[in-house]
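Both of the next two complexes hold chain A, though its partner changes from chain B to chain C.
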Partner chain A sequence: MHDKHNKDAIEKSLNRYKKERDWFAFLLQAAEMMDTPEGKLQVKLLRILIDSKEKVIDCSENGKPFIAAYYCTAPELFTAMDLPWFMIMETPFLAASAPYITEDLEGTEEIGLGTDLCTAIRLPIYYIETGQMPVPTAVIGLLSPCDGTTMLQQVLRHNSAWKNVPLFSPDPPYSSDERAIKYFANELRQMVRFIEEHTGHKLDIDRLREVCEESNRCYSLWQEYNELRRAVPCPHGWEIGGAQAFAVSQCFKAGDPRCTDWFRQLVECGEEKIKAGRGANDYAPERIRLLWFDIMPYGWIFEFMPWLEFEWGAILVTDMFSNFPYTLIDTSSEETMFHDLAKRNLMDVPMIRQARGTAENFSSDIVRLVKDYKIDAVIWPGHMGHKDGAATAGIMRATCRDIGVPFLHIGLDLFDRRYTSVDEVKDKVSQFFTGMGLG
Partner chain B sequence: METNLTSSAFKELAAAASGIMNPAVDDWRSRGGKVVGYFCSHVPTEVLMAAGILPFRMRGTGSTGTELSDAYFSSINCSFPRHTFNQALKGEYDFLDGLLCISSCDHVRRVYDNWKQNLPTPFIRIMSLPKKVGDPQVAWYREEIQILRDELGKHFGVEISDDRLREAIALRNQTRRLQRQLYELRKREHPPISGAETLAVMVAGSSIPAEPYNQLLRTLLDDLAQSNGSREYRARLMVVGSELDDPEYLDIIEGQGGLVVTDSICYGTRTMWVDVDETAADPVGALARYYIQERPSCPRMNGDQARRSQFLQDLIREFQVDGVIGERMLFCDFWCAEHYMNKVDLKEVGIPFLQLDREYILSGKGQLRTRIQAFLETMGR
Partner chain C sequence: MRPFDAQVQRVTEYVEFMRAQGRPTREFTVPRALDDLRASLPIRVGAGANPKIILRSETHVELGSPEAGSCAMVLWTDRPSMIRDGAITLIGPDVAEAAGSSLPFGQIVLVGGAELGPDEHQSIGHAQYVADQIEGYMVRSSSRSIWSRVSTQAAQKGFSFDTLGRSLMVVFKSSLPKVQAMEVVFVTSSKDDVLRLNDIAQVASDIGAEIVKEHWKARGFDLECDLDCRSCHDKDVCDDVRKILAGRLKKKRTADAQRAS
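== the complex of A and B ==
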């Protein structure tokens, strides 16, 4: 009876997860029909993604250890420990365009969560509270960049099905100096000990070195690719090379040769387009070079991003998630690896970099990206969950004024089209471009 | 705020809470005393006191709008920092010699960035407050306090010795003990002081120097010792939530017959329920331990929810609470999720719970009255 109850609970916890896998399998089928280099990149990426989901399903169904964690909790360590993992906020980050999302968003409201809580936090809470998220062997929690993430871990711990699942959350300091890096490196070491204790998977330092070296190759190629995006016209827009690069490097299996191979192919693809003098969209010549300074609007991306290109020739040249001065890991010793993993996950990775600490990185990143990428306009979407960013809007506006680039703050929900309708967003963007004489 | 208290000490304290500037601050400054504003009850005010500085807790009291701060904050930001920063932009905080911020929440921590860019306050610093309550976090915060000690000493030209720190800790503990005595009176069947009146006393405690405050508090306690409250009430309530510095909010609740007998708010029990260790050889370490591990925590401290929940249940028992009101400022993620859990935990122990979302400045009084009336009725009161 007890076993049957457990089996039912596991099956229920995997329902939504499997649906998500099936959604990606559907996208894979569509991508396989695209006979272009970009289409091949999508295919490769979706295969890595589906494979990572299959591994988690296998672990959950067959009682093998796996963990729930985040992209910014040093995923190289999970790879080195040969430990399958999934991101607790995977759905809003990767699958918010799935057809069942609106139904789930309504579910978050029904369980009584305040609608001003970030949608990316509410969705996983809803899945946890309704038994629709695979219950892992252990959880690595996230305490930055926002208040919502801190509360997500606490609601998770409060839930009856999760309260006995061991949880460790590395504590990110607010400051960004050597003392902060050392402190966070110590938190990562504690995290490793915690994982070893609760999963039985051990960290082999030589294996970590291999993974970090592979991860470095990946990041170097990414950096090379980002140089290509400086070209006018930009070889790629929103469809490839931005969010996917982030996902490949950090969300599935950091330090996996397949990911490096994906980046290699991405660089080749970009180079070929530049040589041919082709821009991101053959049917919509580049007229506006755009910095979208946040996550992409995954909940309604297919209705908005193509419109930007076709209606305005506005090409998303770069965004918050695809362009950072990433630190490569010094693999000379265990100490240097932990130090640099701490630095990368505290000071480099998207969103944590800007929102964890003081507002300086909001301004300095805007200035750097506008200059390096010949940006014509900066859009801060003003996602309803990004409250520290909302309180930085004045600073971003002043920064853009100082460097003479138009700035738009919209106010929307990146995952929920009901918050500000897609038509309203388009209208605001059109008024902005018109008012600024762009396009 | 309606009051029947005739105590002159209370009147002086209530006056200090009703505005930003007050005679005690004026007097302090006229004698050359320095004043440093601070946000959040996790700031170790003892260090400021040891430096001979008056710590002044930042509020937006008296604010009527956010017309200036709206250029920096957005409509999805909590109205507390928006109103407080607006007051600063209007010059209401020009008397400050410094500002001490802390990485408390997404909204308030950005006051630091905006203040730094727009206001010429000579000393401005932000402290990195850990988000967990373990020993490594105590060690980190100890270093943060030490850095603050060094920087304050350097900027204001004072030596903050261990002895001065111990004296400040002892003085601040004295305040805490007196405040706990005040709360003790509220355990009575007919408390001699209401929730609104208590809040005014607590707010005043972060706006005037500790010695005169403690003296006023002693006088008030003497005034209240022999009296019983005459106020009739329908239920004994506890208020749980964040930054609440407006006694009128509680006055409205009490006007409907819900007597607020205790709380877990940023101006209430969480700031004074336990003392800092006065006997520790290392006073900086004692402060770090107190602010990270020993005092009742707030939702930003991860991994401590079970202890917080237990704290509420202990207060419910001690103060014979009939129902709990969870107040939350709009757009606050911490209290959104915390109250979501409080509701579940309190239901398990059979305590009625009402969540009220609010703005920093009191608005929608009629709606608030209706919600309280309905809550009391559902409690059968």
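== the complex of A and C ==
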């Protein structure tokens, strides 16, 4: 009886996860029909993604160890430990365009979650509270960049299915100096000990070195690709680039040779287009070069981004997740590897870099990106959950004014189209472009 | 206010130290006037001078990659006499001697102007990221260091560190009229030599961060939160929460002890 109850609970917890896997499998079928280099890139990405989901499903169904963790908790360590993992928050980041999401958003309201809570936090809470999230062997919690993520870990402690799942949250210091890096490096070491204790998977330093070197190859290629997007016209738009690069490098299996292969192909694609003088697409010439300074609006991306390109010739040249100081990991010793993993995950990774650090990061990143990428306009989407960033909107506006680039602050929900309708967003953007004499 | 004078002095001492250590050191003296500088260049300098990016296949030499090592800083002073206006120092190989290679790269720009002050600090710092302003030279978009490329075409035109130094002088002097004197030091001798500059760069960066913080504060923006509990509005609530937690813990311990007995 107990076993059947457990089996039913596992099956229920995997239903939605499998549905998500199937959604990506459907997208893979569509991508396989695209006979373009970029199409082939999408195929490779989706195969890596689906493979990581299949591993989690296999572990859950067969009682093998797996963990919940985050892109900013040194995923290279999980690869080195050969430990499957998933992000509790991955649905809003990866699958917000799935057709069942609106129903799930309504579900969050039905269980009484406040609609002023970030959707990226609200959705996973709903899945957890309704038993629709695979329950892992252990959880690596996230305590930055916002209060919402901290609260998410508290939800786990109060949920009957999760409260006995061991949880460790690396403590992120506020500052970003050498002392902070060393402190966080020690937190990562404690995290490794925690994972070893609860999963039985051990960390081998030589294997970690291999993974970090592979990860370095990925980042070097990513850095190279980021340079290509400075070309006028930009070789790619919103469809391929930053979001995928972020996902491939950090969200599935960091430091995997398949990821390096993906980046190698990405760079080759970009170089070919630049040599041919081709822009992001052949039917909407580039007229406005945009910096979208946040996550892309995954919940309604297919209704908005193509419109930006077709209607305005506005190409998303770079965004918050695309362009970072991804310094390479020094693999000469265990100490340098942990030091540099700490630095990367505390100070380099997107969103954490801006929202955990001082507000100066918002300002200095904008100045650099506008200059290097020849940006015509900066858009701060003003996601309802990014209240930490909202506090810096004034600083961003003042920065843009100082450097003479138009700045738009919209106010929307990146994952829920009901918050600010897509038509309203289009209207605001159109008025902005018209008012600034762009396009 | 002379926040960087001590670091400017340290740079002078560094160059002397490198020379004393036997590093190949070359000095170039270039025109000081902006028009003369421009006229002396074999390449274009100015907005859009390098409109295309430099692909890997078009690169003559890569400078300051993460593997090779990089360090860059701009130090300013309101005492132009501290700066040897028109002086370019190169410690290590030049561009022509490094075809196809990846060199470590240290770039120190020293600027002096009687009217330079904290208000100019950010503009001075940003000026070193030249974007597309130097023909055949591309600074990669990285917020941490100067990582750049010289194109094969530029190298064929005779691009050297002398050229780069002059170009930087044109960029700085034309965009920052308050700059009266400018000196540039390049280091390409070894990664260790370049990273030795990090001590100076870190101090300069810390000083710069304080200047930026005060600059924004003067405009009414706080870049950092006040972390002192004594000034926190929520201190009373926080104290109450602690008392409640302590009470619960005590209750739990009593209950556990009773159960155990």
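In this text, the second predicted complex is superposed on the first by the 439 of 439 C-alpha atoms of A that agree within 3 Å, B and C clash if a C-alpha of one lies under 4 Å from a C-alpha of the other, contacts with A are read in each partner's own complex, and residues count from 1 in each chain.
The rule is simple: a contact is a pair of C-beta atoms (placed from the backbone, for glycine too) under 8 Å apart; a residue touches a chain by one contact, two chains touch by 3 or more.
Computed from a predicted model, the values in this text were never measured in an experiment.
Overlaying the two complexes via chain A brings chain B and chain C into a clash. Once the two complexes are overlaid on the shared chain, A:Val155 sits against chain B while remaining clear of chain C. After overlaying the two complexes on the shared chain, residue contacts for A:Gly394 are found with chain B and with chain C alike. After overlaying the two complexes on the shared chain, residue contacts for A:Gln223 are found with chain C alone; chain B is out of touch. Once the two complexes are overlaid on the shared chain, A:Tyr174 sits against chain B and chain C alike. Using the contact criterion defined above for the overlaid structures, shared-chain residue A:Ala359 touches chain B and also reaches chain C.
Between chain B and chain C, B touches the greater number of residues of chain A.
With both structures placed on the common chain, the touch criterion links A:Arg368 to chain C but leaves chain B unconnected.
In the superposition on chain A, A:Glu271 contacts chain C only, with no contact to chain B. Of the two partner chains placed by the overlay, only chain C lies in contact with A:Thr327; chain B stays clear of it. When both complexes are overlaid on chain A, the residue A:Arg189 reaches neither chain B nor chain C.
In the three-chain model built by superposing on chain A, chain C overlaps with chain B at stretch 37-45, while the rest of 1-9, 37-45, 73-81 or 199-207 show no clash.
Contacts of chain A with chain B, set against its contacts with chain C after fitting on chain A, overlap at residues 174, 358-360, 394-395, 398. By the touch criterion given at the top, residues 71-78, 81, 103, 105-107, 109-114, 117, 126-132, 134, 136-137, 140, 143, 299-300, 302-303, 305, 328, 330-334, 336-338, 340-341, 343-344, 357 of chain B touch chain A in their complex. In the complex of the two chains, the chain A residues touching chain C come out as 174, 220, 223-224, 226-228, 230-232, 271, 274-275, 323, 325, 327-328, 358-360, 363-365, 367-369, 371-374, 394-395, 398.
Those residues of chain C that touch chain A in the complex are listed here as 51-53, 55-57, 66-67, 122, 126, 129, 131-132, 138-144, 209, 212-213, 216, 219, 221-224, 227.
For chain A in complex with chain B, the touching residues are 112-114, 116-118, 121, 125, 141, 143-144, 146-148, 150-155, 157-158, 167, 169, 171-175, 179-180, 183, 186-187, 190, 355, 357-360, 382, 384, 387-388, 390-395, 398, 409, 411.
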